[in-house]
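Handing you a structure now.
Order of writing sets the chain letters: A, B, C, D, E and F. Residues in each chain are counted from 1.
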Amino acid sequence: MSTKEDIIWELRSEEVLKSIKQGKRMDGRDLLDYRTLKIETNVSENADGSARAFLGESQSITGVKMIVDKPYPDNPDEGTISVGVELLPLASPTFESGPPKTEAIELSRVVDRGIREAKTLDFKKLSLVAGEKCWVVFIDSYVINHAGNLFDTCSLSSMAALMNCRVPKLEENKIVRGEFEGKLELTNLPILTTFAKIGNQIVVDTSYAEEKAMSARFSIATFEGKKFSALQKGGHGSFTQSEVDHCIDIAFEKGDELRSQLKKFAGGKR
Amino acid sequence: MSNKNNEEPVYVNKQGLRLDGRKVDETRKIKITSGVLPRADGSCYLEWGQNKIIAGVYGPREALPAHTQDPTKANVNFVYRMASFSVPDRKNPKPGRRDIEISKVCGEAFEKTIFLEKFPNAVIDIYVEILDSNAGSRVAAITAASVALADAGIPMRDMVAAVAVGKAGGHILVDLNKDEEDASDAVDMPMAILPSTEEIVLLQMDGVITKDEWTKAIDLGLKACKKVYELQKNALKEKYIQAESSKENKVE
Amino acid sequence: MSTKEDIIWELRSEEVLKSIKQGKRMDGRDLLDYRTLKIETNVSENADGSARAFLGESQSITGVKMIVDKPYPDNPDEGTISVGVELLPLASPTFESGPPKTEAIELSRVVDRGIREAKTLDFKKLSLVAGEKCWVVFIDSYVINHAGNLFDTCSLSSMAALMNCRVPKLEENKIVRGEFEGKLELTNLPILTTFAKIGNQIVVDTSYAEEKAMSARFSIATFEGKKFSALQKGGHGSFTQSEVDHCIDIAFEKGDELRSQLKKFAGGKR
Amino acid sequence: MSNKNNEEPVYVNKQGLRLDGRKVDETRKIKITSGVLPRADGSCYLEWGQNKIIAGVYGPREALPAHTQDPTKANVNFVYRMASFSVPDRKNPKPGRRDIEISKVCGEAFEKTIFLEKFPNAVIDIYVEILDSNAGSRVAAITAASVALADAGIPMRDMVAAVAVGKAGGHILVDLNKDEEDASDAVDMPMAILPSTEEIVLLQMDGVITKDEWTKAIDLGLKACKKVYELQKNALKEKYIQAESSKENKVE
Amino acid sequence: MSTKEDIIWELRSEEVLKSIKQGKRMDGRDLLDYRTLKIETNVSENADGSARAFLGESQSITGVKMIVDKPYPDNPDEGTISVGVELLPLASPTFESGPPKTEAIELSRVVDRGIREAKTLDFKKLSLVAGEKCWVVFIDSYVINHAGNLFDTCSLSSMAALMNCRVPKLEENKIVRGEFEGKLELTNLPILTTFAKIGNQIVVDTSYAEEKAMSARFSIATFEGKKFSALQKGGHGSFTQSEVDHCIDIAFEKGDELRSQLKKFAGGKR
Amino acid sequence: MSNKNNEEPVYVNKQGLRLDGRKVDETRKIKITSGVLPRADGSCYLEWGQNKIIAGVYGPREALPAHTQDPTKANVNFVYRMASFSVPDRKNPKPGRRDIEISKVCGEAFEKTIFLEKFPNAVIDIYVEILDSNAGSRVAAITAASVALADAGIPMRDMVAAVAVGKAGGHILVDLNKDEEDASDAVDMPMAILPSTEEIVLLQMDGVITKDEWTKAIDLGLKACKKVYELQKNALKEKYIQAESSKENKVE
């Protein structure tokens, strides 16, 4: 759309490439450094859990709402989760109003898989009456400033919001507004770590300018016990087997770091 | 607007205080911070009681698709949306008819104050997201949007300040909260003005009211809008003064 | 779209402005005069109530259908209404086919609020079996000729259709087609009166050309007992407090006039 | 098309009369008024038994968006819609697959008769709204649209006249009503012709029929269409004659 | 869209016209000759019945899925069918992705009427528990190569898929995946025969180029006992009564031929 | 991914054979036929176990609407869709979020291998329809699309070959079928590579896995992809060799 913008970003992307070739990033970080993570919780009282994550200037807000619904017929004794990400038009001059585009759908599905497959929530425990009633946990994220690496930003705000979430009180399987029965139980804390290939280098936690220069993206959801629960390659470029090997090792390390920061920020009482 | 309990609460007690301790002409606590979104041309985070709102402004920029361009002036595109978790029952993310109507009337509230004629074929996009809500989110949205517009350096004749007035339990009140809006006789009247001239640029009302009650309500509303205006100016003070002087050089 | 049209209307709007400045309207009316109101009822046998309203050349048709549905969970002992307005493309060269646009949505919501808030229908009386079955009253309007002031035109055809409405006969809470149990009971008769600001003047019941010249619009729904149930300002301009004061007084007067005309036209037997 | 009652009614009695007293080749009462919508270029209000229909025509005007333009001729855009209250059960306002199919075949029925090649890159919009219905609404829609087109002064080789024929209780009938369409052996065959040449421009059928029955039906249909044509001409008479003479000057 | 394409087809359509005027077709067929019909069955194991029809180079695939649903309130003791046709974008450079366009809607509705009205399936026999449960038979066709006469191609693959269809086994009115209770019973075998008017000639089974040259189209669904169950005229041109008379006679003949071919191809065991 | 039976089956028996008799590194039977759709520029019909897939390619052709054009290269538009009857429960024909994500990542898998820079402002449309499915439909789709692209004569640096690897009952397996995907510890890892360089152009995974398991899986996957590549080449052999030589003349 905005062609002047396009030209500016193209110029910046050339600078990024030149700098990264020399092992340096425009903002002075090392290739495998994250920007500063900051988490705020309780950002919405109407949510059952909520958090705002900052990765440098990137910001997303996640709210969790638990509702009572009918279980799926093929899993009558389980509840479920629903993960959504919206790229608000106020977050970037390139985002538009309207139904979610491909970019937002991929983003939300990768965040979803990381959480779902790591069995962060025990779906059996979300059952209320088999075949009749269960909890559905809606985890909805809104990107409010796009300064790169939305995958990790949304993963972090989603996890923080889940850690912040209280279970609404029920009476005869109906929600009693404003009353709660304790915190939502989380089995694992999966965290996305997203890599970018820029030139021949691998970097983490890309800025907006770096994403203009990257050829491919790779996300790994890791959790406790050196396991991972989701992989996703994106972009027109490629990775070699040894590059992915390298990324997996880094992801375990970064995952542990981010997880301990998350616990510090979001683990407080509510 | 109906009250589920059989007994109506006392909306204003003998001391003249409301359910949450406010006086009849008192707004909830309002906190305004401008310039919170680095990518946006202007932005504002606002808390108004439980309401939490983020506003971002882009523009003036080329209106697209081309057939939406007006060669005589810029368009205002106001988009009011609620986060799914911002209400007691989860909201479907798809914008509803209420969102669309609110976006329309809020956008119209800004057309008179922005120097639109300076930017032919352009659009000024105002995006407001409600993160948490408890009655009065549209007037909070306008108040935040006005600060975001100023933060973006968009040339304006005046700010737009907004408040809702209304009725509960027979009392005319400023800035009703949800409990008050649940009164069986509740009236909700959102309004927005240009503070320096008191021109009314947004006025809606639902509920049943008489002329006398209306007069009382509009008087309280005008006064409350001016208090909101003071808070907007305070939030912008340093930044705004700088922006204004640079704008004068640019646009005159 | 149609640029030739645009130019013509711009020229006419200048004439309108000049004339209104001198306190006169192009069609000879005084500033606060309505065009002739005409109501036809029973315009559709398949509707439970129906009416066609003419305000000068503006025309809308409203049909009411009562259906049996489940009540909202938070109001288990109440029925409800649904108000819609469609701007048919045959009504104006500027209306297009397709889902309702912003203009139609605002229009229908203002008509809705006037009726709903004035408690025109007692929602408790629309309950059939608490929590199980209730009446939902659909009030759907179609604008068929746009010659200005669609707010009041649609309000009038909607009220006339409600006054014309019979309650379908029920057997075991199912509708018996073609049989009725008497007229639908209406508690109040709210009427919209819509003002326009053209130059510095306030006029009522604008023509199409006048709407091209107006800076702002103001609608008031008044009903019996000098009360009002809805206000709505629209358009890019503004009103002063004293202008609104003035409008409210006029609205009570016009509301009484239109209400008595409505009763004459629509109040007959069916 | 199934009959809820166990006993089928006698669709044609010994006197040769149908359930509503009509003869087998008799249409319901048809009332046509042209020029009812001041804004439209041409319009028509038509009652056909219980069916009540309003048609409005705009054009020829520039086809938009531009990629829909045909440099060799005008497009015909026929839009058939039913008001939500025009049927026994409330209809969802969103157009369904039936509405879309009917719009297509009705639009095609007009392509041969309009001098489309005179208006390259243009569109002729024909909007028809069904306000009340009881079997046969599409042929009523075509009949009304034809009058609206003439009222708009659109140059045409001929009118289009339409009727439905069909079968109920073993009898071939003209213009079935709803009760007749509910017969267990019901056949519905809407058709439209150019009356002067008897060219068939619309023909649909559903239900089970033999060749002999078809021949009987089409014969009755052709005759009925010509009666409809007479009513169309009467409705247009004064206005149409004037329009025709002015058109001849313009388009030849 | 593709203007180069358009010009090529226009030139071909002129050749077609010239040739047909002389009673010959570009591919050597007589005016009333069909291209070779070929049917393959069992093209999808997940379908309850499936078939692929070839009419010359035109190809469509139909799958039938039987599901258990609630009957319509006005026909509580009947099941029903649903017929859909999708014009896949891989079938022609002119087909686009997205929701079905007018062309596909008309096509599916004509195929539907032919089947529905001939009482191919006895809806009463599709009832399971009156007012509670019934079979809904979904008959979904996908055009994969558009070489003309999609009406007949889709009609043929739909009928072949129905002839190939087995009824899923039920336990307590729930489907047991992968088990069946015998073939779906068909009362009649309606077949569409579609005619085109090119110049003043009537031809059957048009090629893609011939459809560019035709002024109007006419489809007839015939079935056993010299009866027909659907007619549909399409296109901007017209037919005379005697032309239609002629078409009906040919349709009976062609219908019998195609029906016996269908039985040979699709009637085998499954 | 949950198993409905209480007892898990033995996914690999003592003879090293899987439920359907395959070895751990063995794919299901794959049958590839190119050039099956006369209208498409290139096409392929592929059976992979129960999966049945048809792929059609159009282009390079002008990208429309114009604002989607990239003056530096062609766009790849990959559309993955499932026929309503291709799954055990009937699928709603409307594309879902899964379809959209798969279309995105599959399209990206082709960007590196196609000489996109040779076709500015163009689009290459790759349409894939799943007619029958049983685990692994997206890698089958990529495999088919690659053959269809070659059949269309689109100049490519290499083919794209794809396979899914994963885990069931603690065993790392190539090309899981539905029964294996239902294991309680199931892992599904679709991957696609450029066979000559082993560059990974698609990689997704869901399920829980350790680093060691991953290494084992990717090794098996790379080998299996190369076997798929041989099948692709065989399918194209005669036709492809001809196409390649004519392409060299054209595009160099």
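Here, a contact is a pair of C-beta atoms (placed from the backbone, for glycine too) under 8 Å apart; a residue touches a chain by one contact, two chains touch by 3 or more.
This is a predicted model, so every value here is computed, not measured.
*Asks:* State which chains count as neighbours of chain C and simultaneously of chain E.
*Replies:* Joint contacts, listed by label: D.
*Asks:* How many links in the shortest chain of touching chains run from chain B to chain F?
*Replies:* Step count on the best path from chain B to chain F: 2.
*Asks:* Among the chain pairs B-C, E-F or A-F, which one reproduces the interface of C-D, with more than half of its contact pairs identical by residue number?
*Replies:* It is E-F that repeats the C-D interface.
*Asks:* Taking the mean of the CA coordinates per chain, how far is chain B from chain E in Å?
*Replies:* 58
*Asks:* When the C-alpha atoms of chain D and chain E are each averaged to a single point, how far apart are the two points in Å?
*Replies:* About 27 Å separates the centre of chain D from that of chain E.
*Asks:* Pull out every residue in chain A that's touching 2 or more other chains.
*Replies:* Expected reply: no residues.
*Asks:* If a residue has to touch 2 or more other chains to count, which residues of chain F qualify?
*Replies:* Within chain F, no residue touches at least two other chains.
*Asks:* Testing understanding: with touching defined as stated, what is the shape of the graph linking the protein chains, line, ring, star, complete or other?
*Replies:* If you draw each chain as a dot and join those that touch, you get a single closed ring.
*Asks:* For a quick check of the interface rule, what order do the chains take around the ring, beginning at chain C and passing next to chain D?
*Replies:* In ring order from chain C, with chain D immediately after, the list is C, D, E, F, A, B.
*Asks:* Could you pull out which chain C residues touch chain B in their complex?
*Replies:* 75, 102, 105-106, 108-109, 113, 116-119, 218, 226-241, 244-245, 248-249, 252
*Asks:* Residues of chain E touching chain F in their complex?
*Replies:* 1-2, 43-48, 50, 57, 59, 61, 63-65, 67, 84, 86, 88-93, 97, 99, 138, 140, 142, 144-147, 177, 208
*Asks:* What part of chain D is in contact with chain E in the complex they form?
*Replies:* By the definition above, chain D touches chain E via 1-2, 97-98, 100-101, 103-105, 108, 111-112, 189, 194, 198-211, 214-215, 218, 222.
*Asks:* Could you please specify the touching residues of chain F with respect to chain E in the complex?
*Replies:* Residues 37-40, 43, 50, 52, 54-56, 58, 61-62, 64, 79, 81, 83-90, 93-94, 125, 127-129, 131-134.
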